[in-house]
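Next come two complexes built around subunit A: one with subunit B, the other with subunit C.
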Partner chain A sequence: MNPLLDVRNLKTHFRTSDGIVKAVDGVSFTVDPQETLGLIGESGCGKSVTAHSIMRIVPRPGQIEGGEIHMELEGETVDLADSALSGSELRAIRGRDISMVFQEPMTSLSPVHSIGNQIRETLFLHRTRDRKEADEIAVDMLARVGIANPQQRINEYPHQLSGGMRQRVMIAIALACRPRLLIADEPTTALDVTVQAQILELINDLQDEFHMSVLYITHDLGVIAEVCDRVAVMYLGRVVEYGTVREIFYNPQHPYTVRLLRSIPKLGHTKKGEPLAAIRGTVPSPINQPPLCGFHDRCEEVMEGVCDRHIPALAEVADRHQVRCFLHSDSIQLEDGSIGTLERTPA
Partner chain B sequence: MSERTKPLVEVRGLSKYYPIEEGMFRRVQGWLKAVDDVSFEIHPGETLGLVGESGSGKTTVGRCMLRAVDPTAGEVWFHHEGQSWDMAALSQKELLAIRPYAQMIFQDPYSSLDPRLPVFDIISEPIRTHNMASGTELEDQVKHLAARVGLNIDHLRRYPHAFSGGQRQRIGIARALATQPRLIVADEPVSALDASIQAQILNLLPELQREFGLTFLFIAHDLSVVEYVSDRVAVMYVGRLVETASTKRIFSMPSHPYTEALLSAVPKPEPDQHKERIVLKGETANPADLPSGCYFHPRCHYAEDICRREAPPWVEVAPGHHAACHFAGELTLAAIQTPSS
Partner chain C sequence: MWAFLTRRFLYMVLLILVTSMVSFVIIQLPAGDYITTLAVRYAATGQVVEQEVLDALRIQFGLDQPVYIQYFKWFTNVLQGDLGWSFQQVRPVSELVAERIGVTALISICSLTFAYVVGILIGVVSAVFQYSVLDYFFTIVGFLGLASPNFLLALILMVIIFNAGGAVGGLYSTEYLNAPWSWAKFLDLLKHIPLPMIIVGTAGTAGVARVMRATLLDELQKQYVVTARSKGVAEIRLLFKYPIRVALNPITSTIGWELPAIVSGTVITDMVLQLPTVGPMLFSALVAEDMFIASSLLLFLTSLTVIGTFVSDILLYSLDPRIRVN
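For the complex of A and B:
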């Protein structure tokens, strides 16, 4: 079975007056049909820019500098990273084949258009030109995402809805054209836990119903564990660990993943007064990062002369489990993306 | 914390109503009950975790306690060194004398620091306001505080924008400690931080608590964080307290259906533990248009007729464990799975 989405060595860089920010620096992953892949990482790790690159909505001065984004569309494969794709070709794909739900439902909905208008906009672009049919689909979608009284709600404006309701409307808009892939960028981060539980349940049900794949972006390890099949852990623009959700949570190998999992208090498991495994320091500035392991100066197991000299390559450590760390492999990722071998000088 | 020690803070019947005004003459059409008859106490050296969802009134409780907003009704007794003050009844002048003892840490490390002041001035401001030190003594105190919370003392001439979110939160903590307070109201102090930084701050707070003999009201929505820092937990729902108990007790034997639902809704970082989640119907009640009887009844799986008719009593389920539910102690509610249970 071919993956639905195949991202290969994606590089999205921002050329700023202070220097170059490699927000996404050689990211590769695949999303299989009907699978949920989680992208996890802290602020600034490049998870949102990865999503924006797939949607081709990277804001200036950001630019896709290299790599491929293969999307399976009705038997043919399109490279979304191809700069030759025209605006109209992209617009035909956005909203129809790939949709996105954003974190802040207040700022991503238009305040001056009714809910109905905003759902119909997508439908008119991709599914139907008939106003009556569009209305029927819109009402049906609102009902499916759990909005009571959809007939009446369709004429209301975003400010009349609560945060949870707005996020349901966002999901209704995103799914109105039955996309193959939904990109959910922190869709529940702004919501309360009980509402978050409702939205997670909703995305899960609709995924089964519409047979779609989900790329789920979050910083919340709990959410990842609940919704994802596989996980890619990102740090400073690169995927540092990639595997099934069970491998990542029960057999983490990268020092960053290991510490991250131990740094969060777990309900019923963490005792008051037992120190959490905080990671020392902070994420370094992404401007003009030299080619080395981005985590080396916060890592407890750093090897001087190795981790601060080369970029480790992603290497297989178990079945469907890859890690980017010199503790596990001697392969180096070279500037051009090819793989070399580390020569360890005897200490 | 033994029951016999005198509490540091006693909150009795605290309420804060905001008028809902309408029309040209701003006639008062009704009241929004942000906080409605809340009572609790905090013992010296204790951390009370106050949890609830947005709009539950938890932040307003914290602000009323420090008189950052004036409560509509109720008392906030502050006992210190044999003296007692009702914070809710003090004049502004009298408050000024108490303020050094009760300080606050805010959620957003970006908007709670004045961008035009260097860090030294931010941390020293409370000390100067209360004339507690000056000159080299002031400088020494600020440096000591900054070093203690993990700031580089060579950076005190810098402005807040030069610091990361975690470091700004350390600045806010140093400022709160500057007047040697007894009580600190920490309003979501870690929720804006990334996991690895959050852990640094969560490790720092209990250390400071021991060293400076602090008492915390820790306001948060993240239950795993609250469990980690709190000795006791109070749960709020639309302005009212629905349950209080020791941390261990409330997470292992919740007595209010809302607490049960909250615990169940938290996503757990355990892929193998896919248990049935209790998904609540509908949304939090609107505090300007409250349901009859128990405010939680429209969303409650266990609601019966009496819940629609009558407000529930505040029942003591076990010593030190209270819940506002008609069926408190009668329902078998799901708890958090612990390794030992």
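For the complex of A and C:
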């Protein structure tokens, strides 16, 4: 089975006056049909930029510098990273085949247009030109995302709804054209915990109903465990560990993943007064990064002369489980994306 | 909707009433009255007017009575359409105002339209192409326009146009000055309008452009713009439907305030340009304590301010759904 989305060595860089920010620097992953892939990482690791790159809505001065984004569309494959793709071709895919739900439900809807207007807009662009039919679909979508009185709500404005309701409306808009892939960029981060669970459940149910794939972007490990099939852990613009949820949670290999999992305070397992197991240091600035493992200066198992000299390549450690770390493999990722071999000098 | 409008309308009437009282009192605050001004003027030419004559004049004009009675008399007359007499020109105020109001409104509307159309266009271009050569150019010109006094701009433009052989000052050429209205006079007026329109409108244009640029830059960053983009909306359509639409709200909510500002705020410019508008007339009336004409004009300006705000409220109400809910 071909994957629905196949991202290969994606590089999205921002050329700023301070230098080149390699926000996404050689990211590869695949999303299978009807699968949920979790993209997890700290703020600034490049997970949102990856999502924006797939949608091709990276804000200036960001630009896709290399790589491929293959999307399976009605039997043909389109490379979304291809600069030859015209604006109208891209716009036809956006909102129809791939759509996105954002982090901030309070601001992601226009304050001066009715909810109906905002759902109809995407329907008019991709599904129907008929106002009556669009209205029917809009009402149906609102009902499906669990909004009571959809007939009445359709004429209301975002400020009349709560945050959770707005996120439901966003999901209704995103799913109105039955996309094959939904990118959910931290859709529950800004919501109350109880509402978070409802939204997660809603996306899950609709995924089954619409047979779509979901790319779930989050920094919340709990969310990943709950909804994802596979996980890609991102750090400083690269995927450092990639595998099934089971493998990542029960058999983490990368020191970053290990510490990330350990940093979750566990009820009953932590003694009062004991410090939380935070990862030491902070994420370094991605400006003008030399070729090295991004985690080397925070890693407790760092190997001098190795981790700070080369970029490790993703290497298989178990079935469907890859890790980018010299503790587990000797392969180096070279500038052009090809793989080399590390020559270790005996200590 | 109707409850909102009725409430606003009642406030409006109340506000006009109170301001008319306050301005009537303020006009009378300086020591002396028009009779004093008259006596001083005669004294300057060496004539002595006897005290009895002055007192008789005061009684005739009703100036001997307390302020509140004067106000009450004047205001009841105003309600009946009688604005009182101008002491200076010995003509009914309504006649004097009627002569000038048409021209004043014409210039105001022209310069207002100029200010908003050009200002919004510049603001949009500056925001969409932020930090481009065009943006810097408009920013510099805009600040110059805001910072330089209008009458200075008027003088400079007059010199330039005069040297180029164009018509300068006034609204009509000399041959049409006292001529009855005709097609030729109208065309002549159209030839004279652009200069005051641009000069009076410049400061407004610069202000509108700055506000539009700042608000639009703010809106362009908003998440809902990214949402629309992710739906596949084309860039130009998106720009007009979302951020420009939202950014117009603060501009619209202040459009009413510009109306009286353009009438009253151009006294000096209108004097320089020799425009027969209300501004210079109000100025001379205030100097001479010609109180009925001054009070009537202030009432007129107040009403414009309040009506302008009322219109802005209605516009904002229809533009922004967030205002509609109490």
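Here is the rule we use: the second predicted complex is superposed on the first by the 338 of 347 C-alpha atoms of A that agree within 3 Å, B and C clash if a C-alpha of one lies under 4 Å from a C-alpha of the other, contacts with A are read in each partner's own complex, and residues count from 1 in each chain.
By definition in this document, a residue touches a chain if its C-beta (ideal position, glycine included) is under 8 Å from a C-beta of that chain, and two chains touch if they have at least 3 such contacts.
Every value quoted in this text rests on a predicted model; they were computed, and no experiment measured them.
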_In the superposed model built on subunit A, check whether subunit B and subunit C fit or clash._
fit
_Taking the superposition on A as described, I'd like to know which of subunit B and subunit C A:His159 touches: first, second, both or neither._
second
_On the chain A superposition, what angle, as a multiple of 10 degrees, is formed at subunit A by the C-alpha centres of subunit B and subunit C?_
70
_By residue count, which of the two partners contacts subunit A more extensively, subunit B or subunit C?_
B
_Touched partner set for A:Gly222, first subunit B, second subunit C, both or neither_ = first
*Could you look at A:Gly75 and tell me whether it touches subunit B, subunit C, both or neither (first, second, both, neither)?*
neither
*Which of the two partners, first being subunit B and second being subunit C, lies in contact with A:Ser114: first, second, both, or neither?*
second
*After superposition on the shared chain, which partner residues are touched by A:Pro290: those of subunit B (first), subunit C (second), both, or neither?*
neither
*First (subunit B), second (subunit C), both or neither: which does A:Ile93 touch?*
second
*First, second, both or neither for A:Glu104, with subunit B first and subunit C second*: second
*Please indicate which partner A:His126 is in contact with in the superposed arrangement: first for subunit B, second for subunit C, both, or neither.*
second
*For the overlay built on chain A, what is the smallest gap between any CA atom of subunit B and any CA atom of subunit C, in Å?*
8
*subunit B touches which residues of subunit A in the complex?*
42-43, 162-165, 192-198, 200-201, 219-226, 245-246, 249-250, 259-261, 263-270, 272-273, 275-280, 282-283, 298
*Would you mind writing out the residues of subunit C in touch with subunit A in their complex?*
222-224, 226-235, 241-242, 245-246, 249, 319-322, 325
_In the complex with subunit C, residue positions of subunit A that touch it_ = 55, 57, 87-88, 90-96, 99-100, 102, 104, 107-114, 121-122, 125-126, 157, 159-160, 170, 173
_Going by the contact rule set out above, which residues of subunit B touch subunit A in the complex?_
53-54, 164, 166-167, 194-200, 202-203, 206, 221, 223-225, 227-231, 247, 251-252, 261-272, 274, 277-280, 283-284, 336-339
